[in-house]
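Below: one structure, written as structure tokens.
Note that the chains are named A, B and C in the order they appear, and that numbering of residues resets to 1 at the start of each chain.
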Amino acid sequence: MPLLRAAARRLAIFIGTVVVASIVIFLIVQALPGDVAQTTLGMGATADAVAALRERWGLDQPLAVRYGQWLVGMLHGDFGSSYITGASVVSQMAPRLAVTGWLVGFSVPLSLLVAWPLGLVAAMFRRRWPGAVVNALSHIGLAIPVFFVGTVATIIFAVNLGWFPANGYVTLGTSVSRWASHLVLPVASIVVVQACFLARYVRAGFIDVLTEDYYRTARAVGWTRWRGLVRHGTRNMATSLVTVVGVQIASLLVGAILVEQVFVLPGLGTMLIQAVQARDLVVVQDVVMLLVFAVLLLNFVIDMVYMAIDPRLARGGRG
Amino acid sequence: MTLLAIDDLSVDFGRHHRPALDHVSLLVDAGQRLGLVGASGSGKTVLASAVMGLLPDNAHLTGTVRFQGRDLTRLPDAAFSRLRGQDLTMVFQEPMTALDPTMKVGRQASEVRRLHTRCSAAQARAKVDEIFTRVGLDPVSQIADAYPHELSGGQRQRVVIAMAVMNNPSLVICDEPTTALDAMVQATVLALLVEELDRVDAACLFISHDLDVVSSMCDDVAVIHGGRIVETGGVDEVLDRPRHPYTQGLVATARIDAVGPGQRLPVIDDFSSTSDLVQAASEQCDTPAPTRQDR
Amino acid sequence: MKRLTVIVGLVCSGLVVLAALVSLVWTPYNPRRVDPGHKYAPLSWTHLLGTDMQGMDTLSRLLVGAQTTLVVGVLAVAIAAIVGVPLGIFVGMGHRFVGEVVARGMDILFALPALLLAILLAAATGASVGTATIAIGVSTIPIFVRMTRAATLTIMNQDYILAAQVSGTPTPVIAVRHVLPNIAPLLGVQAAASFSMAILAEAGLSYLGLSAPPTTPTWGRMLKDANIFIAPTQAVIPGIAIAVAVLGFNMLGDGLRDYLDPRLKEVR
């Protein structure tokens, strides 16, 4: 089974990449110059006090030992405790993961839903004005930072029109309607930027379909220009979009962190930024590791999915 | 009765109006099988695409294409689409790429039925089973459930033929339907095609560069060269007594058995006087120019 | 259409460069002068773009902000190119194993976008323009490696490379004398595109307080600090500046590519 062997090889590479990534993250945080204990206690602290704190945090042990403890702990679901508050990182992360999860969970399908018709129109009219307009829009959309989109949306829809709250978050359990209204603007901001990003790939995918023989066949059996492209293009376009999703997730991550800041949402990004400001190294290390792991895992899954689809397309589609 | 009347049709491509078809006129009667013969780059495929209304959107077209009395060149896409697949169908050269790789062939075929006939999914499926059986796709249920890549080239071309005759069309355009197939498969697919055309009583515009194939299955033949129709007539008449020098060349080069040992094989240029320029220009246009990979 | 892209790109990016240059010698006010008497001044002839919550002149800060934007962008692209281009050429000319190692390294970098890298660096050593620049530069390396590798691979198939190899020219000499000059135009296009992305990333980092210290005027921080309830224009102005800069260099890159890529010019 060459397929199985290839999958095993991919899995090995994935695990190796995760381990190396964890080493990189650990080293950047722990081995770069900068003494956390000293910073935490301030410049006036006595050497004894600093040494005591270093011992309490385990910073006096060799790097390799600390890395080993961190890695083994994570494998057991123990992400350690915050230097600053002493609280367990896992218990802090759980509710924040939910906020970021909603944000990302709504944004991905919605941005695909918006990008699809945009890309379709841009592909069909690629030599006429609607194509140029969509093209220009996606250009401009890519140039506008997501936090600016969020800020402008707040100014218009929260401050001036008062349709939605300007910032903050309410859990789903507290009130469904208020939870939803707090998510509308953040999600919309991400969707605007992501849709512009995706629309270019959707467009390129549909343009490829337009030159394919099976599209000509579809037209020859009676599909109209548009319905034929929708019917026989979407699925073929989507297979080429699979590889882009990995890139999208990585960029979505960044978008989510920024948008959480704009709308003061208590998500992982906010937790991360607060931890950086407080120089809470354990929290930073853990959250970044979690996010990197998520991206790597997703890419691995996409690779596997693609491998499952690919033999069919390789023999059937490009003959 | 005239089914298809192409009158003074010219097609050129792009901003620089590279010519592909030059004032072409052609008639196809109901039930008639007309062969269209020419070298690659002579404008055969452009002509087929023009009749089907499937020219790339950088093509400019003048003249008229009347089908059942209606001028197709002025037909809006929606109305034209009702005609395509119903009265006017096509069999393509490349069976490998002509089917949607992500959709089971049974579904693709039943779409052709449901696009033009009000019927339930089950009825369409029954019709597909019937036609698939007729064109020798066996076992039907297994093949209908297969993706294109799971079928051989011959099987795929049978699927394409099944889709073309599904709705009893009055004209089937065949664009080198067997060129891409193995020699063994060619003969059976060709026989099947003739049989199906007879059964649905459809006229056929049969495009090929293979004189043997054309003479065996067509009543009449038109020779196209450099975007122009240079000669038309009955198959036997044209092939036995070609008048135009290009046709003479075509016939002579196809008759390898007539060449004595030690004699040089004849080439088209020995006969043709048409300038290379026209030839080169039309070669560029025969296949639609690759669309730019825009970002 | 193409010409329009180039013109818009030139005008937008030119404006940003001009702003940075002008701010070196002249600004309407001292960009750091706090003036409690003129908080949230509207747009007027005395303060063309108004003032912020501390009464600092927005136009002056906007002009000075262009400096940070450009410096970070230039340095980040330089880091990415200096590391990425040799690596890409090496992999493109070299053998399988090295390529595999580099590819895995790029996988990791790909999962560590500029923002996360900047967060790690800031957590370890404190946030600064330096950490932001390094983070953006390092995270841009994979793009340069990938592009250089692909370009090198095509050039390695050319006959003159084969001729050079057969005549015994050392590999490094081939790289510098034959490969590099041939991929230089592509590198220029990539640099412009990466530059616009670097500007976008820097804006995000300074918005999050992960770049220059609060005393340095940056567009991202101006946007963050603006009070949208009292003076929304103060948020919109730096936002537009960011968008113009990003769009400008992006379109410049696009225009350059169309101009330099003869393959694209041929087709219609």
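Keep in mind that, in the parts below, a residue touches a chain if its C-beta (ideal position, glycine included) is under 8 Å from a C-beta of that chain, and two chains touch if they have at least 3 such contacts.
From a predicted model like this one, the values you see are computed outputs, not experimental measurements.
> Most remote chain relative to subunit C, going by C-alpha centroids?
Measuring from the centre of subunit C, the most distant chain centre belongs to B.
> Could you say which chain's mean Cα position falls nearest to the mean Cα position of the entire protein shown?
A
> Can you compute the centre-to-centre distance for subunit A and subunit B, using the mean CA position of each chain? Integer Å is fine.
50
> Hey, how far is the Cα centre of subunit B from the one of subunit C, in Å?
Once rounded, the distance between the two centres reads 53 Å.
> Between subunit A and subunit C, what is the gap in Å from one C-alpha centre to the other?
Inter-chain centre distance comes to 21 Å.
> Provide the list of subunit B residues touching at least two other chains, using ranges where the numbers run on.
58, 290
> Using the touch definition up top, name the residues of subunit B that touch subunit A in the complex.
52, 54, 57-58, 77-78, 81-86, 89-90, 92, 94, 96-103, 111-112, 115-116, 147-150, 160, 163, 288, 290-291, 293-295
> Which stretch or stretches of subunit C touch subunit A in the complex?
Those in contact with subunit A are residues 1, 104, 107-108, 110-117, 119-127, 196, 200, 203-204, 207-210, 220, 223-224, 226, 228-229, 232, 235-236, 239, 242-243, 246-247, 250-251.
> For the complex, which residues does subunit A have touching subunit B?
So the residues of subunit A touching subunit B come out as 126-127, 200, 203-204, 207, 210-214, 216-225, 231-232, 235-236, 239, 312-313, 315-319.
> Could you list, by residue number, the parts of subunit A that touch subunit C in their complex?
Touch list, subunit A to subunit C: 13, 16-17, 20-21, 24-25, 28-30, 32-34, 132, 139-140, 142-148, 151-152, 154-155, 159, 166, 250-251, 253-254, 257-258, 261, 272-273, 275-277, 279-281, 284-285, 288, 291-292, 295-296, 299.
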